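When the chains are written out, they are named A, B, C and D in that same order, and each has its own residue count from 1.
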Amino acid sequence: MQHFTLLIHCKDQKGIIAAVTNFILKVEGNITYLDQHVDTIQNVFFMRLECELTNPAYDLISVKEDFKTTIATEFNMSWEFYNKDRKPKMGLFVSKYTHCLYDILGRYSSGELHVEIPLIISNHEDLRPIAEQFNIPFYHVPFTKDIKEEGEKRQIELLKEYNIDFIVLARYMQIITPRLIALYENKIINIHHSFLPAFPGAKPYHSAFKRGVKIIGATSHYVTEELDEGPIIDQDISRVSHINSVEDFIMKGKDLERIVLARAIKLHSERKMMIYCNKTVVFY
Amino acid sequence: MQHFTLLIHCKDQKGIIAAVTNFILKVEGNITYLDQHVDTIQNVFFMRLECELTNPAYDLISVKEDFKTTIATEFNMSWEFYNKDRKPKMGLFVSKYTHCLYDILGRYSSGELHVEIPLIISNHEDLRPIAEQFNIPFYHVPFTKDIKEEGEKRQIELLKEYNIDFIVLARYMQIITPRLIALYENKIINIHHSFLPAFPGAKPYHSAFKRGVKIIGATSHYVTEELDEGPIIDQDISRVSHINSVEDFIMKGKDLERIVLARAIKLHSERKMMIYCNKTVVFY
Amino acid sequence: MQHFTLLIHCKDQKGIIAAVTNFILKVEGNITYLDQHVDTIQNVFFMRLECELTNPAYDLISVKEDFKTTIATEFNMSWEFYNKDRKPKMGLFVSKYTHCLYDILGRYSSGELHVEIPLIISNHEDLRPIAEQFNIPFYHVPFTKDIKEEGEKRQIELLKEYNIDFIVLARYMQIITPRLIALYENKIINIHHSFLPAFPGAKPYHSAFKRGVKIIGATSHYVTEELDEGPIIDQDISRVSHINSVEDFIMKGKDLERIVLARAIKLHSERKMMIYCNKTVVFY
Amino acid sequence: MQHFTLLIHCKDQKGIIAAVTNFILKVEGNITYLDQHVDTIQNVFFMRLECELTNPAYDLISVKEDFKTTIATEFNMSWEFYNKDRKPKMGLFVSKYTHCLYDILGRYSSGELHVEIPLIISNHEDLRPIAEQFNIPFYHVPFTKDIKEEGEKRQIELLKEYNIDFIVLARYMQIITPRLIALYENKIINIHHSFLPAFPGAKPYHSAFKRGVKIIGATSHYVTEELDEGPIIDQDISRVSHINSVEDFIMKGKDLERIVLARAIKLHSERKMMIYCNKTVVFY
């Protein structure tokens, strides 16, 4: 038995759901999950479907080929079949903060994440011991304004060498280069330590403290060329008050960052998201 | 153009979605919303569908008849078509508390609720002025242990006279009789001022205070014969601390009660819920 | 027995608490609440104290005079005694939105708010019927760019005539003039329908929708000359997802606006806030 | 310079705050935090105070002795001085679940917790590798109904040997014996995976799923002889819906358990709690 996830989007038209479900019937698939969404403003149809192939006469490759030449063509669909039995490979970028790194590696070791983590890349040596503690290859790739090109080249080499499917920036404190962003379009997840679009850029907890907000937040999003402007994946918040110092904001914020980043990794790796018009459609 | 909402549940089987969407195609309907859920433990399939009928050749009555004799029979479905262009009639039961009553009538007057409120029934005279302020007929139906049968009889007479579709208990402090529950099965909504199943029964804020909880809650649910044991519709919570007195719990709780009850009224009146095995399936 | 609330702020110094509590002992007061806060960055001390005067030899006027010439002078304090037995008078400004108005008047009629509402001022006639429904004088004061001065003059006349202590803008859709702001410094409360500082200005729900946020918010704050930049009193949030339209954002937002504005009215009228450096210190 | 935290509770009386702050003035201490609470129902006064001793003439030992023989006696106080410069020693009990263990050890390694963790005790061998990964001594102490006494004896030996100040049960799946509870009264913290008092005892996520709740929770509390009835320290919640399976409840619950337990460890180790009448007074 093979399991796959199918993501579709196309112009909204009559009969799409009937066509897709009839197709699955034809290949004797068993739909275990189906959700769809229509963006009535953009007039776009989105669908997510999980399926088991129960008859060996139909395997994932032939089903995919059949789909491509029939339904997908007829409705002019953008689509993707994902083999659920294969874990996506995740590249982890860190700098000096330990909290998201420990959290991700703890979840990974506990089997909570449907990913493989073949390598950790950092612009500093500091976190090597943690990588070693969890037996994950650690690469120090220096990255500053002056050696950006060299750094980018080495990053891309490593990502290719390890066949990395998507990248997670676990409080990685450097800008990602446009070339890397283009190579991993909608596949680089960042955690920003504010409730975006409030407080983009550097030192958001300090800005939040200065403004006297009563709630702080964290936001996971895909990286695009515009800093902190990419599609938002998840957000969460925590109450603060006048008794909290900036240090308290940072401490409370760490819990938000851990959880909001972990949820994004789960959603991405379980293929529960589609991106359209700089927004995410999230099928929970 | 006619608008309807279709709710279905039946044993999970292959091909249901395809059959239903093919049926809608056949009657030239335009699906504006479709969501479905499979309870894999009970093996039950649930579906909610909103549709516009665009060809005058197919009207709601004929579509319903067609559905009944084809798909519904074939898959042995429980189903209901609701005319979206008709507002359900809601009977409001109150005792002496004003907060939920003001909240509901304010929302009603603002056009937030897809209901008509033809009458208010109370076991006390106290809230008559509020009903009059909002121009809604108010009936004082005394109800005590000794005159239960008489009270029940009068309640049922009034509900029939006004063609009431469903009942909302806005902090109505009397037990609903089994006969009335049977007449309005899964159509009586109560607000309980605790996070059920914690603190069922009387004086939950006092019990919560005594236990020293750090969070209080409110729960809207359908009324069944077992007190506070019916299907839960919505819940919400609010933080409390040692500085809060029972009076603070009650005051904070009022905001929870207002919102959790209002949400339940919206979900019920917009036909976004199905009930199965004493639980609600809520299609947001 | 007289009840008062005392708010103090001054440069942080050794011995303030001892001095204040010794003073209360001297006048035979009974402290029922005391909270204090030190802003260690600005080096400012804040204190809130509730007290009962039990010996008729000491009344509020003499205690105040004594405090002024002793402790207050010694520590160079900013301070205010509030008579708890007198409800502050609140002026309500509205335009065309009904939800906050109904909510405030419902709470007011239920006795939830420690205020008097002697008048409602609006730049439109639309909400007069609601004011009449609740028996509150309603004044239509036209206000547009062209007649700003005339409008401001009339507003101030009415506020003086009714001895208004503080103003609440319940979705009042006009700019408050600098002269009125100066007359009611830190006494005009606004509700903004976003999670400030995200989405200041007009149409925040539309901007939030466009940005694809996963959480929306509302913020109550004091009005200053900088639009949406005044001290934040309270904030709250609600989750949204890709299935929600702008209209859904607006509907969910209304519940946030109601609650966040009501909480601000309670905090202000119960003298639980102090303002410093464009922030609020809130003593819950 | 020495830093201490002082916790006091006693019958509420006039002049306590003045007496305590005058005492601190006398020993030339600098109060950096002061909060107090009066339980008006029980008529009990609570105070928490953080202080720096700046004059070497007054050290913690002499200040404590002075306090004991003066103020503490005069007002018949229960009180405790804690040296802030010493980290309390925390004993960690686990069984087979990894999520809380990884979370605590990650925070510990990051320096987020003001504790020392000298040992981990488990009734199974399974988690030894994690303890070794973080270089913390791990003791396998078998514990079943038949060898309860032997197990308890070994537990107490180890806790004494390592001078353990308080115990954290990070999803330790065995009952703590009355003797151990008595030895560590109000010093054993448990995490229960429900919103207490809802769903005490075993398998709360399964019960929550069965009841059809819309919100699940977790509760950290002190262990007393009555199972899941001890003073509640912190609670938090997460929304669930009909689409979530029991497995989803468990997965979402893990995040709650991590955070609610970590917060309890912080509050206890930073001496921010007092216990009275089976409730906690938490000074944030």
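Please note the rule applied: contacts are C-beta pairs under 8 Å (C-beta built on N, C-alpha and C of every residue); 3 or more make two chains touch, one makes a residue touch a chain.
Computed from a predicted model, the values in this text were never measured in an experiment.
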item: Where subunit A and subunit C overlap in contact partners, by chain label; value: B, D
item: Centroid comparison with subunit A (C-alpha atoms), farthest chain; value: C
item: Shared interface numbering between subunit D and subunit C [over half = same, under half = different]; value: same
item: CA centroid of subunit A to CA centroid of subunit D, Å; value: 36
item: Separation of subunit B from subunit D, taking each centre as the mean of its C-alpha atoms, in whole Å; value: 42
item: Where subunit B touches two or more other chains at once, by residue number; value: 40, 243, 284
item: Complex interface listing, subunit B residues touching subunit D; value: 37, 39-41, 195-199, 211-215, 217, 231-237, 241-243, 245, 277-282, 284
item: Sites on subunit C touched by subunit D in the complex; value: 14-15, 17-18, 21-22, 24-25, 30-36, 38, 40, 239
item: Residues of subunit B that touch subunit C when the two form their complex; value: 98-99, 102-103, 105-107, 109-110, 112, 130, 133-134, 243, 251, 254-255, 259, 262, 284
